[in-house]
Each structure stands twice: as C-alpha cells, then as structure tokens.
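Here it is, the structure in full.
A, B, C and D label the chains in the order they appear, each numbered from 1.
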Amino acid sequence: MPGNTFGQIFKVTTFGESHGEMIGVVIDGCPAGLKIDPKLIQKEVDRRRPGQSKITTQRKESDKVHFVSGLFEGRTTGAPLSALIRNEDQRSQDYSHLIDQYRPSHADFTYQMKYGHRDARGGGRSSARETAARVIAGAVAKLILRKSGIETLAFVSQVGSIRLEASLDQMDFSQVEKNIVRCPDARVAKKMIDLIDAVRKDGDTIGGIITGVIRGCPAGLGEPIFDRLHADLGKAMLSINAVKGFEYGSGFGGVELRGSEHNDPFIEREGKIQTVTNYSGGIQGGISNGMDITFRVAFKPVATLMKPQISHGTQGKRTVIQGRGRHDPCVVSRAVPIVEAMAAITIADHLLRNRTCKMQENQL
Amino acid sequence: MPGNTFGQIFKVTTFGESHGEMIGVVIDGCPAGLKIDPKLIQKEVDRRRPGQSKITTQRKESDKVHFVSGLFEGRTTGAPLSALIRNEDQRSQDYSHLIDQYRPSHADFTYQMKYGHRDARGGGRSSARETAARVIAGAVAKLILRKSGIETLAFVSQVGSIRLEASLDQMDFSQVEKNIVRCPDARVAKKMIDLIDAVRKDGDTIGGIITGVIRGCPAGLGEPIFDRLHADLGKAMLSINAVKGFEYGSGFGGVELRGSEHNDPFIEREGKIQTVTNYSGGIQGGISNGMDITFRVAFKPVATLMKPQISHGTQGKRTVIQGRGRHDPCVVSRAVPIVEAMAAITIADHLLRNRTCKMQENQL
Amino acid sequence: MPGNTFGQIFKVTTFGESHGEMIGVVIDGCPAGLKIDPKLIQKEVDRRRPGQSKITTQRKESDKVHFVSGLFEGRTTGAPLSALIRNEDQRSQDYSHLIDQYRPSHADFTYQMKYGHRDARGGGRSSARETAARVIAGAVAKLILRKSGIETLAFVSQVGSIRLEASLDQMDFSQVEKNIVRCPDARVAKKMIDLIDAVRKDGDTIGGIITGVIRGCPAGLGEPIFDRLHADLGKAMLSINAVKGFEYGSGFGGVELRGSEHNDPFIEREGKIQTVTNYSGGIQGGISNGMDITFRVAFKPVATLMKPQISHGTQGKRTVIQGRGRHDPCVVSRAVPIVEAMAAITIADHLLRNRTCKMQENQL
Amino acid sequence: MPGNTFGQIFKVTTFGESHGEMIGVVIDGCPAGLKIDPKLIQKEVDRRRPGQSKITTQRKESDKVHFVSGLFEGRTTGAPLSALIRNEDQRSQDYSHLIDQYRPSHADFTYQMKYGHRDARGGGRSSARETAARVIAGAVAKLILRKSGIETLAFVSQVGSIRLEASLDQMDFSQVEKNIVRCPDARVAKKMIDLIDAVRKDGDTIGGIITGVIRGCPAGLGEPIFDRLHADLGKAMLSINAVKGFEYGSGFGGVELRGSEHNDPFIEREGKIQTVTNYSGGIQGGISNGMDITFRVAFKPVATLMKPQISHGTQGKRTVIQGRGRHDPCVVSRAVPIVEAMAAITIADHLLRNRTCKMQENQL
C-alpha cells in the first residue's frame, strides 16, 4: 500500500524520479480562492536548488516550477493544483557503475528487497530530488498560513559539533538567509561553513540539526489521539531524507527535569491566556496552545562519499566504491526550506481539519 | 477531522474516557484465522495496569479485557475485533475542583479552546488511560508478528539523569520484567527506583527515556515517500502521552559523525546481506533492511504534581492548585508495554501493507 | 484491507455479529457541542427493530441503545461517540444445522472463500443486524442536519409489482409512519401489506423499492471527481444488505429522454436560483444544487425461505434446506430507517467536508 | 475535503482541466514488476478519443499518452506511475459567451456555489475530458487483471428506447468494437446509430445504458461492510459524468421476483462450486462468488444542446443559450472504455486489498 501522499485534507502527492524526465506534485484539497504568486513559489524552490553555493552539490538544475492545473485567473479553483519541474542535468552515466552495487547506508538494498527491481539512476525515487516537489506544496501552504497570520521558520542550529547556543527569543530570523549555511548568527555560521568546506575537501560528509519555529499558530490545532499536532509534525520531519530524530519543546533534554521545573504556568497577557515558559513547545495534549511551536530535527551525514569505501555487490561480492556524482557534503542548509515546507503543509492541513471539529452557528 | 484511528490496514480505533463507563478498542483489518489467547492479551494489559508497584499511581483498576466481536471458536474471522475494559475506580470527585481550572502543562486549556467545552473528569479523553486500549491492540499485533518471527521489545534506559550505558548487543532482555522500573540492569534499576521514590515523596515527578528494539523484522517493510517505516514508528511513539522526542539508529548523536564513520558497510553473513554496524537503526530509505530496528523515546515529567503550583482559572483568575488524585511520579515503567504495543501495531500494519507492493506469481 | 468504516470526516465504524454478545458503533468526527437526545436516537432504532409488526421477523430484541463514550453533560465532546446494543434473542441453535451448508444467495460461501472460516451463527457479520448500529449513527447525523434545516426522508414506493405512482410533490410524508409497511398512501399500503402477508404464508419472500428524498440541502455539497454526492450516496445505499440498485433524479428512466426534455431550466424564485424541473435529482456535476435530492433503492427478495430449497453442503454434497429462524418476508418496511440513516450519514459527512473547500475570511 | 482520488491501495488521482494545458493521472500503489506496453494503453485511450466517428464530438485531440514516472526498463518500480496528455484543441473562445451563464443541467451553477468562482473554459474540471486520465489508469489496471485471468467488458445495451434484448450468455463480445456505437449486435447497433444521428441533426441529445461484465473474477473480492464489491463498483460508475443509475445482477427488475425464483442454487461444476442462475450478479454479501459480475449503468442525455434553450445568467437575468462547441449527441459509445476502466480500477484495487485479509503461511 503506497505512501506518496501526505495530509488528510490538504493532500500532497509527489511523483517522479531523480533522473527521470520530470518530478511533480498534485495538491488535492487546496482551498478555492487562494491567490498564487508564482514568483513566491519559485523563490522557495530556489532556496532548495542544487548548486546555490560552494557547500552544496554542484548539480545544475534551474528547477523552474510550471503549474499545469487548478488555477483560473491566478487563483485556485478547488480542483487539484499541480505543478511540474523538469530534470535537466541528468548525468545518468555518473551512476551506471552503481547498478550492480548496494551503496552503504543508501536505499539501494532495501528498494531491491522490497520491489524486486529498482531504478538505479541517481537513487531514483529515493533521491532527495523528490523534496523539490514538497517545497512547491509547502510554498502554497505558506500562502494559506499567511492569511491566518502563521509563519513557519527554520534555521541551521548545529553542524557536526558546532552549535548555535542562543535562545529562540533572542533569535533574529531575518539573518537566516544572510549566509549560505542558513544559521542566523554570522559568527557561528562562519564556523559551520568552514567545517563543511573542510569535510567536503576530505571527500567526506557531516550531519547537523535544524531548529524550527511556527509563529502565530492559534490555539486548537491538532487532533486527539493519534493525530496529535506534534505527532504529525514529527512524521512530516521524519519523512525527509536523512532525518534521524525529532523532538519538540523540551525534547530529550526535558527528561532530566522535574515536573515542578518543567510545567508551564498559565498567565494572562493582554487578555490572552499564555504560558510563562514554553517547555511544552506550543503543544499540550497534542493540540496547539497559541505559543510558538518549537522543534528540532536531526540530519545524519550524507551517505555518498567522494572517497573510497567498502560496499557489497548485488551478486554477493565485496567491492570498493567511490561517489562520482555531485553530492552535498552536508544537507542542512538546503534542508531548511524543506523543513519549513513540511511544517507549513502539516499546519495548513490541521488548520483545515480544525474547521470540522465543532458545531457552528452557520452549519456550513 | 478526527484522529482516533491508527494504521492503514491493521486499523486501530480507541474510544472512551478516563472516568466514563468503559474504554474500548476496535481493530478493523486484523487478518482472519489468527488464534487469540486471551491470557496473553490480559498479561500485556496487566503490565500497563495502574497500582502495580510503589512507583506507579495507586488508582485501582483490574483492567479486565473483554472481547465482544470478531472471534469465532477462538480465531479471528476478519470482522472487526473489538474489546472493552470497564473503568472501576472512577473517583470523579477527585477532579471536581479542577473543572474551572486549567492545570499547567495538561490538555485542559487546549481541549477547551478546540472544542468549546470539555470532559473535565480525570482528563477525560486526554488521560493516559486511553493507552490501555492500545495495549490490547498491540498484544493482538504481537500475535501476528510472532507468526513471522518478529518481536517488539522495550525497556527503560534513562530516568532523570540516571542512564543505562550498556550497548544493545549486550542487553539481556529477559531481565526487563525482573524489576518494577523495567530496566534490564538490576544495579541501574535500583538507582532509578530510588530516584523515582524520592521524587514521589517530594510530591514531584521526573522524566525518562525508553529504548525500543524490533527483532526479526524482514527487509522490505516501509513505504516511500511519506510513510517511511521510521516516520510511522515516530508518529506512533509521539502519539503516546507525555512523549517529547523520537530518534532511531544513531539519532541526534549521529549528527556529529562523519559519513565515513556513520555509513554501515554491507557484509554477507550466512548467505544473508547484513550490515557491519547499525547506525541506520535497521531502516534505510524508510524501508527495513533486516537488521534490528532500534529507537529511543523521550518522556517528559508528568504534569500532575502532589505539591502546590500556580495555575489559571477558566474565568481568568490566578489560583493555586495541587493534585489530589492518584498519579504516576514517572511514567516510563508503565509506558514500556505501550511503546512495545505501538511498535507492534506499526510493524503489523506495514507487514500487511507490504503484501501489496509487487506483482506475484499468484495474483491473489 | 478492511471496510467497516463509512465517511471521511463523520466516520462511522460498526462492529459486532448477529449472534455475538453485542453490536456497537463508534462515530469518530462528530462535531463537539451537539446535544444528544437519547430518546430520539432510541426512537429511530425502534423503527428498525425486529418484531414490530406481522410483516417483519419475529425475533425479539429490545435493541436498547447504550452510549458509552463521547458525551459530557449530554453534549458531544469531540471524542469518539460510541454506543452498544446487546443481543438478547440469540437462538444460535436455529442455525446449527447450517454450519456445514452454503445457503443459496447468502454470504456463507463467499465469506468462507474469503476468510477460510466463518461465524455461521445467524450469518455472523453479514447479518442485517449490523444495520442497527448504522441507525444509531444515522440518528446522530440527523441531529446535525436538523441544525442546518436538512431532513432525510424515505418511504416504500414498491413491493413486488405493487407501485405507488404518486409524484413526490404531492407526497404527504407525515403518513409514512401511519402504516406498518411505511408507504404514505394508505390504499397502496394495504395492497403491499396483503401481498407481503400472502408471500409470508407461502414461506416465500418478495423484493421492493424505497424512495428517498433529502430536503433543505444547501447548494454546494459533494466533491469532484470521485466523491460526487450521488456517488457517495449510491455507495451508502448499495452497502445496505439486499440492495441491488440505486438511481437518482431521472435515473434509468431518464435514458429514454432527449436532452431538450431532460434539462432542468434555471429560474429565480424568491431571490434564489432554482430549477423548473428536477430531473437532476438535486445534484449537478456531483454537487447539490439546493433542490430536493431524490433517489430510489432496489431491494431483492430476502434469501432465507421458510420452504425447502436445494442447497450445497460445504463438503460438496447437494442438500435440501429450509429456514428455521425468524426472518422477514420483505425487508423494505424495516429498511426505511436504514436508508434514511445512510442518507443522513452521507450528507452530514459532506456538510463537514464542505467546510474545508474554500478560503474564508476567518481562516480557522 | 477533496475527492480526486479513487481506490484504497491502487490509488488513482487525476488532475487537469478541459481547456488547461494538460490533464494527467498519478497511480500510487501500482505493484512493482508490471510490464507496461504503451501501445496497449494508447489503444484504450483511443477508444475514448473525441472525433472517432460521426456520432461523437468533433473536437480534435490526438490524446497521446506520455508516461513521466514510475517506470524503469519498461516495468513498474512501485513508485507513483504518472502520465500526461496534452490538450491540443482548446478553442476557449467557443465558451467565452458562457462565462456569465449557468448552462442548464451542467455543473456551472453548483461549482460557482461551492467554490465562489469557477474555470468556465469548457466546463473546466467538470468536463468529461477528465475521464481520459481514468482510461490510462484503467488500462494499467487491466494489465494487472490480465495476469490473474480477469477481464472487464462493456457494451452499449440501450440508446433512447432501442434495447438490445439478448442474454449475456449468448453475447459475442468480439463484436463490440465492430461498429461505432459499441453494441455487439449489428442490427440493433444500426438502429442505435440511426437514432443518434437523427437526434444529432436535431441539435438534441439522447441517453443510453451500458452493460458491464467482469469475467474470471475469483471468489473472495470485496470487503464487508461498507466496501462491498458492488458498492465500490457502484460508486465507481456513479462517478462517471452523466451517470444517473447503477444496478447489478437482477437489479431493479429483481424486486418483482419472489425469493424462491431469485435465489441462485449452488451446484458443483468441474470441482468448483458455482451457481445455476446468476441473479446475484456474481456478488453475494458484497463479496465475489466466482461467477460473472454483471451490472448496468444509466447515462442521461448530454446537457449541451445545439438548439436554443432558456437559461439563467449569473447576474439573475433569463437568457437564451445555444451550444456552440463540439459535443456528443449521445455519450454511451465513448463511455464504454470508461466503464471498463473504472471496473478494472475497482477490481484491481480489491484484488490487492484481498491480499491482506487473512493469515498466511508466509506472513509476508
């Protein structure tokens, strides 16, 4: 049973392979009447584009978004909103030597086991190229959220063991796009970039962490019992390539606290009930409480190395392989817009889901 | 749009409130022909039962599982398998003083915001009592998995800052049930119990971590792109009350490694392709690779304290509240069977989903 | 993959077998804040109850509805709303002779083929007893619809070849409950009752047709492309035991008309756009247009006869069987509340679905 | 909540508008390893193509199917299988005069009511052009079914009041494609064609009926309670443009029979249990019994007339309109491949669903 769709009402389906003709997305359930500014969409996709800086893959793709349905006079009609991106730089020969091999910590072996055969060109469907389609959907979701005063933000908070230690309250999000690693502190960003560059020259790769913040989310989003807001958000993040962990609010660190330290007392500010602290990460009982939703996402080091490593052929023989394609030494900088996109899709979906939870004056 | 169902094929729906007449579960999609041993089911539910030791809540519930449909002559028929548990110890008066209050870090406020009114008796639907219904479903899932040689194991690996440092390979899982905190190392367990007891006497609470291991899982389970095995497993865990984080394989720690350290080289052992290391945590590209699936789940300290804390009334006034019910000072020991149950449900669902992924000789 | 749930947002799941301990229903997605009047629910269930007249089965069941979750102080909370009905008159011995037989035109053979074994007591899950659980859900749906001024009506329009020929405009729906066959024309009802009684004395059974009308449905319900309102309504009706056909508006008769006769011209009445005729049956392009939604449902003659018929044993031998239980000679009178219930569930679900279709001033 | 996807495991999503740039389909859940012969797919799409004969619309479209994902070396990979068809003959000016009008018995009014604005070019999303995408998916489904020896057949059995009276047993399906109306009896076909031609010259339209037969379907497909095979088949058919009714087996005619006439006695033929008659239409209790599945689908006369009719402007004024585009005087001949396609999709989905219904020796 397939799993290429995310969301219950704002339903995002992606299709296409890394080295096929194109990738695409169908958004079924985008509310009618939303004005789509293609430039804003393209801008988001450009933030994820390969070749944008020296610390990313040099694969050349213009990643031009082309909407093909669901729009009339610039506004959504309620029909499926779909868009395509052509793959331009498909150097399949880069991968031809890998058809008979299972690259370590890639999906080659597991796809082969599951399906009996696989598209070996550039990882096929398992390539992170698929996430470009998600960024389109995320950009549409952001337009919906904007109408409700909600924004989904993310930044790189750790590369290897270099951490940004500042608190979220002091963070200047306007600085995120000011450097190529997308860390809002220029000094820390410099160290991160230097580390990635050193790792890259080494033919190696390194992991990192992205912190996400959702601002302006009203109280009430999220569904008991299984579709808690943080559970869906967690699934959204864990579905991104290379992600190994998700935590929200106090996360793993919170386990060492006592309840008397960890509880968030309620307080009334300007007629609104808020909490003094935010260990809850903006979500209580699976439902947003109106505070900032905060979370962190762990990315492993990319599996493709530019140095030799021992691998295993499909025929059972040990081999030595070495990445020859164009790969990222560290994914986090390009993953920032993907994290934002998946967060936006999740919140937009729950915003729509929430419309159905109670009786209304006007029953429609 | 509701969220009380988990799973795509093995579909688990729970219903009932903490202080209502009963709680229940409907499993739709349990394969026909499965022999159900009620004693095994009851035994799993008993592991989660309140009042089992001095470090858990003293609420008295026999939690007797009563199957009411889906069975004929002891075997499942393919019809919905449903079971009920009566609530016996419903001292609603314990909570009457809380109706007009939002307890800090509980779901009172968010449920009120979402639904406009709420069942304030013992947390109503947001109470962890609901998880007893999941344990029934998990026990049924375990019976399915057993037929395929798969088992889902879990244990307490951290309470507060007391950690079990041993590696999974050296773990003796037969020791988990030998102590009341469910940590397989007797010495560390003793420290954990002492800490929880001290915290309890203090009227306070403490968090902890549960480590899970799924053994015997064949390669091939999990669905690209969004329903990756670890994404669904993560959602399953994040849907458990008090969970704040999920990681699998190398998790958050893995971000500091280089790809050349983190990659898991393939090796052939006894005619089977395996990996030398298991930083992947048994899952690559979202699909199981046949190695042990390993993950960790972070639980926050319980929000209900037996000491006074400042809260906020529904009418806008600050108040001082103090838990008067019977609550757990630390949830992890009772959460072990819940983690196992949700893991079993997730794997059983993907085991069934996987049956449909490719053409077969016998098309049926 | 199971199929015991109906609806996308107002999700109805039934469980239980004809001769098990109880049957039940879980409604997940019932909006919070709906006042539930248990008497109204019971009244609807009583209309379907066996033993209500000489032309129905004499099985004795009080069919007492017992709500067990989802309510607080008489109103829905947004949590799963569930209810149980105990089976009282389970004379399983009536069916013991049938365990080794496949009754003609029953589900015995197909359940056996599908699942490998079956609950042979009274048809088990395939018995129409399951529809009592649907009537509970339908009654809840009716309460939702009432708040929007919508009502779902049905009546018996044909038994065997006895037809009610009156037009819907002239129909007095207050007469439906005035006779035991539920046909609003007393004279025609008398003929129908006489026919059913004669058939019953003969140990035989007869089919019939139920006409449904949904009044007050606003324009805009239904979802292109596959979830057209009439497609979901048709599926709802076809899921009722013994149903063989569904048509709406002009239906099968409409195929003989020309477009110039069949088209429904628009007209403005009291500031509202309506249609002069209603061959469309209140639905155009799969979406309600504000006119009455009209449809017809065909029921086959019941398969259980009180006279001998040739059958086939599970071991391959021909046998002669004869119904010994208590069965309906014609199902249509008891099926009227079921048709209404399934219509109400379908419309309530689409009413809620429709809340998400467009951008709103207030995005929540 | 959107409705552009059909199927639970073999999931078909269509997108695109009549006068947009292209239409497309994404099939998520097509089993891996299926060989796709593009010529066979194209052939099916050609059967639905406009302009194929004098009794169909003269719109010129080559309807060239272009697969863009999910294939590797000619076989499905388990990834979403997607295909596009460019719209070539988009004479939007033909429709410009209709933007301010609600055409009688079209979806103009209801889409406007639902979404607040609409794509008025050629009916936009509500145009039957969308069904070309379904035919692609249906052709893929047919390839799956073929591997299991199942075929979905359909033919025109009625146009206006001209009926084909022959029984299904005597039907020569090889004759269906021998004439332009797709009726297997040449003599009746001639009459039908003459009628359609006369109606066309009159600027009018006429309805008709398509009969469907599914051969070779094994016993066991279909899911109690709501997803009965005939309920899903019915929904599939009712989702096709212009369909007003669905019946299977004895259908509406069966209501006049007695149970003793209508029951299908079991008989053993060549070691297989079959039924002597087939009033059940191959489905009992919602599950296939191994006999031919038979059904009938009613199509209304097309709403677009080439003669003047009274309509209603969006601004409230009565107007006179006349179709100026190129439209079908009767849809049934072109709808035959659509009926077959939707039947194939439904059966393929249930074939896959059925793989999960019971425990297996090999649990995978």
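Here, contacts are C-beta pairs under 8 Å (C-beta built on N, C-alpha and C of every residue); 3 or more make two chains touch, one makes a residue touch a chain.
Note that this is a predicted model, so its numbers are computed, not measured.
Novice: Report which interface contains more C-beta contacts, comparing A-D against A-B.
Specialist: A-B
Novice: Taking each chain's centre as the mean of its CA atoms, which one is farthest from the centre of subunit B?
Specialist: D
Novice: Whole-Å distance, subunit A centre to subunit C centre, using C-alpha means?
Specialist: Once rounded, the distance between the two centres reads 45 Å.
Novice: Measuring centre to centre with CA averages, how many angstrom lie between subunit A and subunit B?
Specialist: 26
Novice: For subunit A and subunit D, what's the span in angstrom between their mean Cα positions?
Specialist: Computed from C-alpha means, the inter-chain centre distance equals 39 Å.
Novice: What parts of subunit B, by residue number, touch at least two of the other chains?
Specialist: Expected reply: 1-2, 4-5, 8-9, 14, 29, 32-33, 78-79, 111, 114-116, 125, 220, 224, 352-354, 356-358.
Novice: Using the touch definition from the top, list the residues of subunit A that touch subunit C in their complex.
Specialist: For this pair, the touching residues of subunit A are 1, 9, 29, 31-34, 78-79, 144, 147-148, 218, 220, 224, 351-360, 363-364.
Novice: Which part of subunit A faces subunit B closely enough to touch in the complex?
Specialist: That would be residues 1-6, 8-9, 14, 102, 104-107, 109-111, 113-116, 125-126, 130, 158, 160-161, 199, 202, 204-209, 219-228, 230-232, 234-236, 238-239, 244-252, 254-268, 273, 275, 279-281, 283-290, 296, 298-305, 307, 309-312, 316, 318, 353-354, 356-358 of subunit A.
Novice: Provide the residue numbers of subunit C that touch subunit B in the complex, in ascending order.
Specialist: Going through subunit C, the ones touching subunit B are 1-2, 4-5, 8-9, 11, 13-17, 20-24, 26, 28-29, 32-33, 68-70, 72-73, 75, 77-80, 82, 111, 114-121, 124-125, 352.
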